[in-house]
Amino acid sequence: MTTGTRTRPSTGTRDRRRGGRSRRLAAVTLAVLGLAVLLVPLVARLDQSQVDLAAASLPPGLAHPFGTDELGRDVLLRVVYGLRVSLLVGLVAAAVSATVGTLVGLAAGTLGGTADRILMRVVDGFNSVPHLLFGIFIVALFSPGATAVVISVGVTHWMTAARIVRSEVLALRSRPFVDAAISAGSGRARIVLRHFLPHLAPHVALAAVLMVPHAVWHETALSFLGLGLPPHLASLGNMINDGARSLLSGDWWPSLFPGLFILLPTLAISTLAQGWRDRTDPRRRSELQL
Amino acid sequence: MLRADGLTVAYDRHRVLDRVTISVPPGEVTGLAGPSGCGKSSLARVLALLLRPAAGTVGVDGEEVRRWRHRAAPALRTKIALIFQQPRLAVDPRFTLLDVVAEPLRVARRPLDRAERLAEEMGLTPDLLTRRPHEVSDGQLQRACVARALTLRPRYVICDEMTTMLDASTQALLVARLEEYRRESGAGVLAISHDTELLDRWCGPGATVHRLGPAEAGPGQADGTGGTWTRT
Amino acid sequence: MIRALARMAVWRLVFAVPLLLAVTIGMFALAKASPFDPVRQYLGDRALTTSPEVAERIRANWGLDRPLAEQYLTWLGNLVRGDLGDSRSLHRPVAEVIGDRLGWTLLAVGGALVLMLAGSLVAGVLAAWRRGSWLDRAITGTAYANEAAPVFWTGLLVIWIFAVKLRWLPSGGLTDAAATTVEPGDVLRHMILPVVVLAFSQSSWLVLFVRESLIGALREDFVIGARARGLRERTVILRHALRSALLPFITLLGARVPELVTGAILVESVFSWPGVASASVQAALSADFPLLAALTLLATLAVLVGSLLADTAYVFADPRVRVLGVS
Amino acid sequence: APATDRPARTDTFVAGLGSEPDSLNPVMGYGADGGSLMFDGLVSRNADLSLRPALATTVPEVKGKTVSFTLRSGVTFHDGTPLTSKDVAYTYRAVLDEKNDSAIRGDYAAIESVEATDPATVVFHLKYPYAPILQRATLGIVPDGSLERSGFEAKPVGSGPYRFVSRTPGDKIVMEANPSYWGGVPAIKKLVLAFSSDDNVRATRMAAGEFDAVELPPKAAGRFENTDGLTVHRVPSADYRGVMFPMNEPVTGDLAIRKAVNLAVDRAAMVKTILAGAGRPAFGPIPPGTTWHNPAVEGSPAADQAQAVRVLEEAGWAAGADGVRAKKGTAAQFTLMYPAGDSLRKELALAVASDAKKVGIDIRPTGLDWDAIEPRMSKDALMMGMGTPFDPDYTNFETFHSKFAGKGFFNPGHYNSPEVDALLEKGREETDPAARKEAYDAVQRRIRDDEVWAYLVFLEHVYVVRGAWTGVAPSVEAHEHAAGGLFRNLAEWRPAA
Amino acid sequence: MTAPSRLRVDGLTVRFRLSDATVQAVTDARFEVRQGECLALVGESGCGKSVMAHALLGLLPGNAEVTGSAWLESGDGDAVDLVAAPEEVLARSVRGRRIGLVPQSPATHLTPVRTARSQLEEALRELGNPASADDLAARAGLSPAADLDRYPHELSGGMAQRVANALAVAGDPWLILADEPTSGLDRPLVDATMAELRRLADDGRAVLLITHDLRAAERVADRVAVMYASRVVSVAPAAAFFAGPRHPYAAGLLDALPSRRFTPIPGRPPELTRLPGGCAFLPRCDRASAACERVPELAEPPEPAAPQGAAPVSPADRQEVACHHPLKPLELDRNVAR
């Protein structure tokens, strides 16, 4: 019998390194996109809405790295402009709906009883009215524009987050450590802030990240109805919708590139959110080394 | 005086305590013993105002408690500190040990140095304070919970099996610390334990040790009779 | 516990009536405030060549010129008598429109729900279990891409692969174009693609949430406990970690139903599936009060039942929820 | 290559259509222009759009304010009941009945009353002399009392070459050949109209062999070109798109601006890229190649920027620093609205704006929904679309007559020309075709001279048909889809040998 | 010939990597648990007992580094190194089946959303044990009818402990790692649990009993190992240990019992992130000398505990201690007498 001394190595460092790389990549991606969105409109000498029928539907090439669409507009430039609109709408709407949802869910879950009953029926009520109708109405109340779209997405999409948050709070609030916190003199607000929120954060973050592309599409639907931003202005969703028509004639670039650029920031944000969660989750290190 | 009169506790119609009466006078150690599952921890939770009894009253320094958990006035809640039986469950896994100990101070907006001092008194080394609960041993966590209980200088300390996870030496250390605190502040201590030897040693002569029978055994009696015996 | 659940159900019933009233009133108000003119939507293409007098007359016939309260009360009165009115945009009694289509939507949405449930559980569990592996990356990447991509891309891709290239499945319709009867087998074949696309397109949330909460659960002590007992990995993952991570999943199942219906709209139109979802868009856009109100009523009932089921399921999924009660 | 390997179905023909009729009731407007295969009108149209008798034995003459039709004998509805003048009178009265909310009631506003004098005769009494009444007689005839009977929508009964079998709303309508059709039994025994609103999906389903014929946007049809066994039909239409100018606004009210826009737009490029070749440049409301077209109203399909600039300079619109011209402090700038959901109009609007920019006119496109557009039409220009090939009175009367100025979508630009008013009225009342032609020629010329619109393009509708057929007779189509398109005479299609 | 089965831990070392420090949780542990034997492992809170138990089952978190070896040898010559064995081997054939674990905080090791019964029955089923859940529960001191159908949060501390005890033996393991199996139990239950463990050992199994309850250990343990600051500092037969421990720390520990002096060992335990170079007990030890700057090896003390001239000591009776100045066996007796 041999008495080999072998080692069960720590997987932690390797994991951290790999996670670190993808997080850095995500951060760089977001930074580049952000810079492009902020700077390109300042320095670009091309007009994103300039139609040039003679140069329509050119495949990606040197003059137009992403090609041109069926009206001869430069897809790259429009993607940058579109990102501006869509990122703004997506991020703000996601933040709004996640915040509202979290607040309502926390309130319902922590207060319980009648407050819970009423709040959850309000959630049901909001869920019952067709989202589209609701969204349309909100936009009509304000004048069409980015603000209206953001509010419309926010108002129609907070319910999912609210329900998730509430369900988690229901499970959390009977945990003994909450009792311990109460016993230490903590009031409701403190328990919510210091004990519930950190536990809920990953779920809320995930819901918010998922809301980003959703909001982009919501904006496009409204714009198609003439209630969002005018459909000839570049937004990623509008571009994909427009590009879909040329799909069958084999022109993939006018719809593929904007599609990629909805995905890219979403993935980057989600990677960052994951990293943040892993850093804050105390149990990250306690995962077994399997 | 922290006292409970005719306490009945039931979980979903399953009755755990049946008309139990107990009192914890300030400045003294009161013992509580009883078989496993007889309702000691439940009684402790009621006394800490965390669980609303099905019947009976709880009085803190003569004031009858009408609201429980969050609703009880924070001043009342922090008068009574409960050291939970299962430390792993009683701490938020996201807190560092220092956060755990200092939480009551943070709530009360008091300086945090007392937390570190207490932790040290309980034999926790400084390197432990930055770790999270699952990175320390159960005994270390239990000591953090004891330290937490003492941070706000409570008038009553309820120790629910405070020393189950501790070796004899640390056990002796903790009991000594608690006794020190009791003598210096005049707080009342309710010591819940199965370890009669420990209770004997801790409570000393003249102290009351309540013995809780299983709930089926009928009403728990007032001091000095029935299931309770007083050491002389 | 049963009593608690019964009490909860009774409370729901108590709340249901005012909620239904509130929702329908809200819906009427919304439709009224909608920028879309029902008469113009009704006239469609012809709106441009119809004289304003004709349009006015139709408006009057529909009672649109009367006060909102009166319109609502009339509608409510008819409803109580079991008359849902006539759909303006579809020129048929609302009951008939819904009766014709509801079944197909329920079939598709129900199928999708089941598929989505099973599929996303499997995918989410795999991703969480093999966290950080290429499998996880593939699953999460697909989930995000799926959420970012429009449904019609997915639909087209699937049609192109399975109907055009492989020719395994029909690409649209309820039955074969030439069929005049509705044969179950035929419907089943036609159902596959829309149901799969619908389930797939709506599953991102579920997959990612299952993954998320399972990852959280896998870090808990009780998983170590289960492993220490020598239970099979499958048991540990499914019966311990997943079982305790189900709460958000159940919630999502309940909360995503409205989204599922929204998704159904697109899928129904891509696959020419004769469901009620596409009719609901039409109703919303053309401010077709009677149809819209009936559909909203249905939706409210569905949402109420859904949330009741979800809350009941909580209690079974996590007994700790019981302690302080679900209202 | 798309499916050609599918065994040819001779008995069943599946046509893939983009939009589904809301209603199958002619009274509500279904196939009013003869586009229904389930219903016959009193008259129907030949491929060249000339009228021919259908349920009527002859195409009658309009005499002043009355016209009477004699019915073909022995015609029965699909349910076997004979079709009589009572049914005809019922149908028209139902359309005119205000209670029925018929969308096409306005089109029949000229009718005072309809009388069934005997089982084989119906007499129309008109409110005013109205030459196009015969064109309106293509309306399908429904059985007496069918609106009062519930279930007509669910199972419509007509007298046409096909009878209703079943309908799955959102999916398809199935019909079968009427074995006792007076006009002869159709060769296609079973006809399925399958609906699929997504253009790409329709094209894909065609490729997958599920459809025998399909209507497609030009780009999607491109891939079927030169494919064995498939024929691509491009059918010209009277459906035009153009910029409607508000005449009372400072900028668009200026003839020079309108003229310059008309000169600056590159119609050839629009047809080539935006329409993918499926269209023709437009210079007036009546399509070339139809009887009523005035060939004198023509222009250059390519842009003439030099001429546009000259016109502007002459009128005093001087070039400004930012490239936008101005005249007496007014910038040559206006808004061009387009319906947001209509991508064709959006693209045309963008193209117009780009072209105009080159000559110093700043046009700002705005996408809105129709309800937002309506109140703004007297202020802002609009990318409009209309046109029917049937009678020049249709739409043009309301669009250019000053008495309709500002009434809904009729003459929204407030065009006001007494001369045109008179000519339109003459055309409407006159029954002599030659005199009418003369009047409408003059109307077209005046509109052209006044540059009331900047007409851009006439569309062509594109169809792909599988297999070889004889009897396919496309005719110029209208803006509305009530004429059936290529499929209007499916009953006469015969498989080629 | 079949040799007795045993667990042979040799140089087992566990390090936790933290962002700013390394925790020396177990250092060079060396001991054996033989068939039929109950080895009690005692020591100061936080000295590494539970970590060692988890290390033996491969259940340490991702930031742990385990070196050394721990051979689980069965009578038929089959041996597996628990440190080097791949996860599948541990999962399939070791955990639950050959080594059962009673975790220290039993309540957190129970899945919160399932009843005790369902978890117990599941374990029995998966581990192929035909015994009934009720029997097992009854043996652990639970009342099957009243207690088993509860969810973990409805169990009292002692009940959770008993459930954990029952679960640990569900797979009928050869070795039981019992980490504080009696916390929260009242005296009769403690006695019953200890008797049960003793019975298991006598049946040819082995028990590694980690406990603070020295009185209970005294009754069932064959030998006692003492850990201090991550090292095993003393291994001795139970009788000898309780009669007179050789290590100063062990002596102090016994002295602190409520039934004895009830005073803590003076000084503070060392930080495991910054262990001193020499004997870790040095700062608290009244016998320290310059020699203690060197880490003492675990070895037989100079004066054997066994009476002079007796037969050679069997391995089971051998005493080992890691101290440069071990106590004489009698020195403690004096204390006890007081």
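The first chain written gets the first letter, and so on, giving A, B, C, D and E; residue counts start at 1 in each chain.
We adopt the following convention: contacts are C-beta pairs under 8 Å (C-beta built on N, C-alpha and C of every residue); 3 or more make two chains touch, one makes a residue touch a chain.
The model shown is predicted, which means the values in this text are computed figures rather than measured ones.
Comparing the centres of all chains, each the average of its CA atoms, the largest separation from subunit D belongs to E. Compared on C-beta pairs in contact, A-C and A-D come out with A-C as the pair having more. The chain with its Cα centre farthest from the Cα centre of subunit A is E.
If you average the Cα atoms of subunit C and of subunit D, the two centres end up 38 Å apart.
Here the CA centre of subunit A is 47 Å from the CA centre of subunit B. Per-chain CA centroids place subunit B at a distance of 29 Å from subunit E. Subunit A and subunit E, compared by their mean Cα positions, are separated by 51 Å. Counting partner chains per residue, subunit C has residues 35-36, 152, 156, 220-221, 224, 227, 318, 320, 323 touching two or more of them. Residues of subunit E in contact with two or more other chains: 59, 61, 105, 108, 153-154. Contact of a single residue of subunit D with at least two other chains is seen at positions 200, 204, 369-370, 372. Taken together, the subunit C residues at the contact with subunit A in this complex read 11, 15, 19, 22-23, 26-27, 30-31, 33-36, 132, 140-141, 144-145, 147-150, 152-153, 156, 204-205, 208-209, 212-213, 216, 218-220, 223-224, 227, 247-248, 250-252, 254-259, 262, 280-281, 284-285, 292, 295-296, 299-300, 303-304, 307, 310, 314, 318, 320-321, 323-327.
Those residues of subunit A that touch subunit B in the complex are listed here as 175-177, 179-188, 190-191, 194-195, 198-199, 280-283, 285-286. Residue ranges of subunit C in contact with subunit D, taken from their complex: 35-37, 40, 42-55, 57-58, 61-62, 88-93, 96-97, 100-101, 152, 155-156, 159-160, 163-164, 167, 170-175, 177-178, 180, 268-275, 278-279. Chain contact summary for the complex, subunit A toward subunit C: residues 15, 18-19, 112-114, 116-117, 120-121, 123-125, 127-134, 136-137, 140-141, 159-160, 163-164, 166-168, 170-171, 173-175, 202-203, 206-207, 210, 213-214, 216-217, 225, 227, 237, 240-241, 244, 247, 255, 259, 262-263, 266-267, 270, 281, 283-284, 286-288.
Across the complex, subunit C meets subunit E through its residues 220-222, 224-233, 235, 239-240, 243-244, 246, 317-320, 323.
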